[in-house]
Amino acid sequence: MTVSTHPNALRAELLALFESVRARTQRLVEPLEPEDMVVQTMPDVSPTKWHLAHTTWFFETLVLERSGRPYERFDDRYPKLFNSYYRSLGDPFPRSERGHLSRPTAADIQAYRRHVDAALAKLLDEAPDAVVAAVAPVVVIGINHEEQHQELLLMDIGHVLAQNPLAPTYRRSAYAPLRQLTPLEWLAFEGGRVAIGAEGDGFTYDNERPRHELLLAPFEIASRAVTVGEFAEFIADGGYRRAELWLADGWDLVQREGWDAPLYWRGASTHAMTLGGERELDPAEPVTHVSYFEADAFATWAGARLPTEAEWEHAAVARGRKGIFLEAEAFHPRPATRTGELEQAFGDVWEWTASPYGPYPGYRPFEGELGEYNGKFMVNQLVLRGGSCVTPERHARATYRNFYYPHQRWMFSGIRLAR
Amino acid sequence: MTVSTHPNALRAELLALFESVRARTQRLVEPLEPEDMVVQTMPDVSPTKWHLAHTTWFFETLVLERSGRPYERFDDRYPKLFNSYYRSLGDPFPRSERGHLSRPTAADIQAYRRHVDAALAKLLDEAPDAVVAAVAPVVVIGINHEEQHQELLLMDIGHVLAQNPLAPTYRRSAYAPLRQLTPLEWLAFEGGRVAIGAEGDGFTYDNERPRHELLLAPFEIASRAVTVGEFAEFIADGGYRRAELWLADGWDLVQREGWDAPLYWRGASTHAMTLGGERELDPAEPVTHVSYFEADAFATWAGARLPTEAEWEHAAVARGRKGIFLEAEAFHPRPATRTGELEQAFGDVWEWTASPYGPYPGYRPFEGELGEYNGKFMVNQLVLRGGSCVTPERHARATYRNFYYPHQRWMFSGIRLAR
Amino acid sequence: MTVSTHPNALRAELLALFESVRARTQRLVEPLEPEDMVVQTMPDVSPTKWHLAHTTWFFETLVLERSGRPYERFDDRYPKLFNSYYRSLGDPFPRSERGHLSRPTAADIQAYRRHVDAALAKLLDEAPDAVVAAVAPVVVIGINHEEQHQELLLMDIGHVLAQNPLAPTYRRSAYAPLRQLTPLEWLAFEGGRVAIGAEGDGFTYDNERPRHELLLAPFEIASRAVTVGEFAEFIADGGYRRAELWLADGWDLVQREGWDAPLYWRGASTHAMTLGGERELDPAEPVTHVSYFEADAFATWAGARLPTEAEWEHAAVARGRKGIFLEAEAFHPRPATRTGELEQAFGDVWEWTASPYGPYPGYRPFEGELGEYNGKFMVNQLVLRGGSCVTPERHARATYRNFYYPHQRWMFSGIRLAR
Amino acid sequence: MTVSTHPNALRAELLALFESVRARTQRLVEPLEPEDMVVQTMPDVSPTKWHLAHTTWFFETLVLERSGRPYERFDDRYPKLFNSYYRSLGDPFPRSERGHLSRPTAADIQAYRRHVDAALAKLLDEAPDAVVAAVAPVVVIGINHEEQHQELLLMDIGHVLAQNPLAPTYRRSAYAPLRQLTPLEWLAFEGGRVAIGAEGDGFTYDNERPRHELLLAPFEIASRAVTVGEFAEFIADGGYRRAELWLADGWDLVQREGWDAPLYWRGASTHAMTLGGERELDPAEPVTHVSYFEADAFATWAGARLPTEAEWEHAAVARGRKGIFLEAEAFHPRPATRTGELEQAFGDVWEWTASPYGPYPGYRPFEGELGEYNGKFMVNQLVLRGGSCVTPERHARATYRNFYYPHQRWMFSGIRLAR
């Protein structure tokens, strides 16, 4: 996302981007009942109405209230409720209790959104050029932030609905199972001195920078993601019962939680809960909702390993960004269909890498409060790459670094092998 | 509640009782938003819509499906969701996860209520006399059961709203603070050989029977409940910091939880969250939302003790059942106004007794599945007597035995002293 | 235990009692290695050397330091370590961390014992009559206190050794299995107005007083304790898998902990860990190490109930105190051998009653710090009666009230039925 | 550690190394009482006697029983007890319950050690050359393994003694405080294409291999470790109360645990518990017993960062391995004394690096059961470098990779800054 530097073009571009991202959020919640928007089924999950309010709070607090222009706050009690984790902005309401709040209602939060939308449109329309130029970078971050929360909102509502014995459907997908497996091929790369990371003017997060060189040994990477059918073989071969395949922390977790399949698989593991309701699994589709521990154990079982994020980026950077994204409205990964090239690198499923999430050499956080956006999470998490079927397409890029704890699996995470 | 034995009168009486209790439940939820009805703020609390469905499930499962008359179940998946704890009726959905269910929605559950209401009315209207006579006792239990849940519903929504930093109001009370303290007097009883417990045809729970004799030593009992002002003195005198006043388990709890006031007291303890919103405390009103541990520590501090349930019943049985009940729509206890007699025995606040909840000599549980109604809870809990400001008046009586764990305090529990 | 009021006789009697109880404690620890005396396998268990020190601390703090006579404390840091729970004597070292203390060593604590033994002997020998008379009641309590800890010490070391896969033996019993079942008979009592509780000059705990009257309905009580063979039938009949037999809290516990037999039963439940090592169970011996929940579920299964403590005392008071006590050195309950009378009421196993532990009408705690001895535990626990195979014989009596939480079962607890 | 390939020399060298490491272990436990050897104060800590037995089990199971030569096992029940975490060798006794085992006693375990020592000496003396050559690599690993446990044993007993209010001393150090601060200097490195990791015949762990190249940007590294005085400034500047200095997971931990100083600091933070007892802190000595979170927060506060492990190794490799090791018997880090070079890289304190612990490119685990030695821990941990004051000198080297979870701090961990 690169925006113009010409003042009038900038106003128009920002407003168009802003309105489009806000409108899409609204469309995403259309299938939901007010009751759906309240529930928090685990501390990692936030209620839908919290996402609606938090993304709005971001624009209110970091744009409108920092703009130097008059702005009347919608409700003085909201900032504490809808600050996610910015300690520099005060003590947030405890994350694990977000599901205890029936008020403000979904309707209240829609009014909050309209209030802030109008104020931001007014600001972009009426403020002096200098003000617009000053807030533009934060507006752009706010837009990207809301895109991230569009994905989180869908992950979270997916978890909420999947816990419900009534197996409610978010939205039925128009796609039918393919059931035709595309063979897995190994694509070879020479490695050597390569550069990864972002540079230039386009928007990126701070954690994608600076672009820097490193050495890669020659490697091979799989042409597509691991499928449901392949993962079912791992299970059938005792994958969840063989300690030697697992990292020690993973094995402890498997024992403690009694895991024996990816999250959302049901019964005899031929079906799973999805955003499209409970449906039969297609053996050709990418396995998803697996933790790092499961991805690593599968790779060990398969005699392979996970790629590093540098290998992944080096292999993927030449591909155009094409794949199954949120816009496809599949809400679930789709089988690969082609051979001979790196399929599914973008979209479908986030791909676990072997790389712990940390700063690139010379990393500098965003300035001010936004310095808390990414840097403070740089321990204990692993990098995932490529985007998923619920990522907005514009949000994905080869340098993008997503990150989760190794035990988490409610995101659309999958596996690509390397060796 | 005694019902006629004449068939036609019985039909009419049952239907009138049934419709009146169902209608009152509906009125109780009118002030609530759909979002309010979903939330569960602790495992003890159930979401409002769960109460609405569970009381309906009771009539469906234990009356309609046991009647031998044709009945089409509303939804085959509901019984598991809305069975509270009857193991003989299958494995209930886990209590602590009731708040994870956004579906069925509040509207779905209203449809469920209408379906069962119509079917029960039809049964009472059309079924042969023998069937009506057979189901009548369970219908009566179901009506009493729904009355209990009317109180639980208000306790629970009170907890939900009180956790919310926005301090939402359930319904404003029309009552103003009195601020005029009625002196506490000691009423003397000779004791001796006395009888407690229920007998006769009127409806009572199994745990109130059989009526039996026991010996009471002479005792004195306070003429009214302990007030907010008196409890504030206890706090000011270091009540929550003096180990010697507390039972050992209570002291551990106070340390672990950091308790320093009754539940819902706020800030400097001059205000509290109530169903009427956050309001100033009236020093003359009964203290409420105290645990057994707090009641016992207060009594120790005051140089007194809590009455046994036999003392309480013996002292209260002569009083007519008058007091501030749910029908008063105060939703909060009111100050005592008279001296010279046992004030506030009924209504206002449930009064902790020193009696562990157990079976009376010769106790026999209800038959069949309803045997689980009361008996299986007869350990680790204490008896409370008299009813509260959110108890339906018809539901209270001198022999009624309520019971809670000593650490619980989200009910309208208060303190009456004895010595 | 009644002591003389004549000064010289009093000195001699106290000293003899003191020396005898102290010497027996020493004999009890002879079979143990220093390592055995350190370990704490759960918060309820205390290390052996803690018992050795705590009983000594009692005499040091409550007799020697309160006597008004010169006494040089053995180590100023010990009182905090070895105070069990007397808040009025300062903040005790956390109970759950007693097993973290390797120092003072067992040898250090033996020196502490010798120091206090000598000082107490000197006090009883040399102090003026008035001082001896003043300390006498507390010395007597201290002696009874050490007797209690003799039983606790054996319960606790039993737990420690039973957790050890090497199955170490404390001391082999000289008794062989009898394997001959004495039939269970029902002994009938008329009830009526009866008195229970202690009176007179002999030593008793405060919780046994005052003697008071109550009404008992006619009842029957079993002539002996429930046996291993009978309990095995309960298990074989699905006892641990049938929710309808259990109190709700008990059923939750059974599920959570996966209980399927009494504590210490091994494998196919024909063997158990005992203080005499792992040995075959004798079907004729009393079942022991059962919780209240198991005792109650067994009684329900058997179509009976547990006696109240008043019933138990009324039935047992006529029996002389005879039975298998600590002095028999069986360290395990023995089968009943006679019919026609109340067998095993004393010794063998503590018998769960249905009575919650609470104050008798008119209860007054010991004075001063010792007021914390019993009263502050009067909630959430149940009374057990009669003493066990590890209770010093002198310590048992018909009015004695032992008490434990309903989930506990590492004591020698058993079951006697009533109906 | 490189051993000869000539058969007779090999026998002699192995035996000498074996006997020397075993003898040092014996010397390390001389100051301890049997009681000290039993206690486990947290799951991370193992009792001393467990270390004594586990290191012996290693030689018994992986050398003697794999040698093909006759060997009579000391006790068939020991392997389960003293297997640490090798799932391929059966299901180990639960780590968190090691402190529940009073038996085998310390004396039993000494007999076990003598038995295995004799058997191993006999094997090295009498077995054919081929057998000796075959077992030699595992004997060498066993010797290195015991060296690791010498350090663990001291860390663990340090934790045990530090929890004790009596503040027992392991062994007084002969060193006096210096109190003279050596200035911190920044040493510059050009970086570029550098190689790290081990190669050649000398013993190393699998995780140090293979040697491989990578690119380093120019960097500066501090000439010495961060001192107690510098860390005290961080505390005085609100270091533990300023969220902006901390990684998010670290901040949560600090709040939850109430951390406000390094582990073992006491009272006003001028004193600390050490293996030499409670003593005054020397402001010039390296701060130790800090977690990764504290190290990272300190670096942020100081405007610097932690080095990567590649930077550390590149900077340290030129230094000879000199420093304060176990052999110095200081049992605590000592102040730096020189400038102009990389002081304290080896010995004194392990230095946290910013590098997550993972496999080097092309990593291959040890073969067979020993494949579990290192590889399965390669997630969630961070690398520390250089060895400490309780590391055997022979055990340290520039390529050595130690690893701990970011919250752990009972090891002798310290901080070296980079930028």
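Which chain is which? They are A, B, C and D, in the order written, and residues in each are numbered from 1.
Following the convention adopted for this analysis, a contact is a pair of C-beta atoms (placed from the backbone, for glycine too) under 8 Å apart; a residue touches a chain by one contact, two chains touch by 3 or more.
The structure displayed is predicted, hence computed values, not measured ones.
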{"item": "Intersection of the contact lists for subunit A and subunit B", "value": "none"}
{"item": "Chain at maximum distance from subunit D, centres defined as averaged CA atoms", "value": "B"}
{"item": "Homomeric contact subunit C-subunit D: same or different residue positions, threshold half", "value": "same"}
{"item": "CA centroid of subunit A to CA centroid of subunit C, Å", "value": "60"}
{"item": "Distance from the mean Cα position of subunit D to that of subunit C, given in whole angstrom", "value": "47"}
{"item": "Whole-Å gap between the CA centroids of subunit A and subunit D", "value": "38"}
{"item": "Residue list for subunit B, restricted to those that touch at least two other chains", "value": "none"}
{"item": "Residue ranges of subunit C in contact with subunit B within the complex", "value": "85, 87-88, 193, 212-215, 217, 243-244, 246-251, 292-293, 296, 354, 356, 358-359, 361-362, 371-372, 376-380, 382, 406"}
{"item": "Parts of subunit D lying in touch with subunit C, wherever the complex brings them together", "value": "33-39, 41, 49, 77, 80-81, 93, 97, 99-106, 160-161, 163-166, 168"}
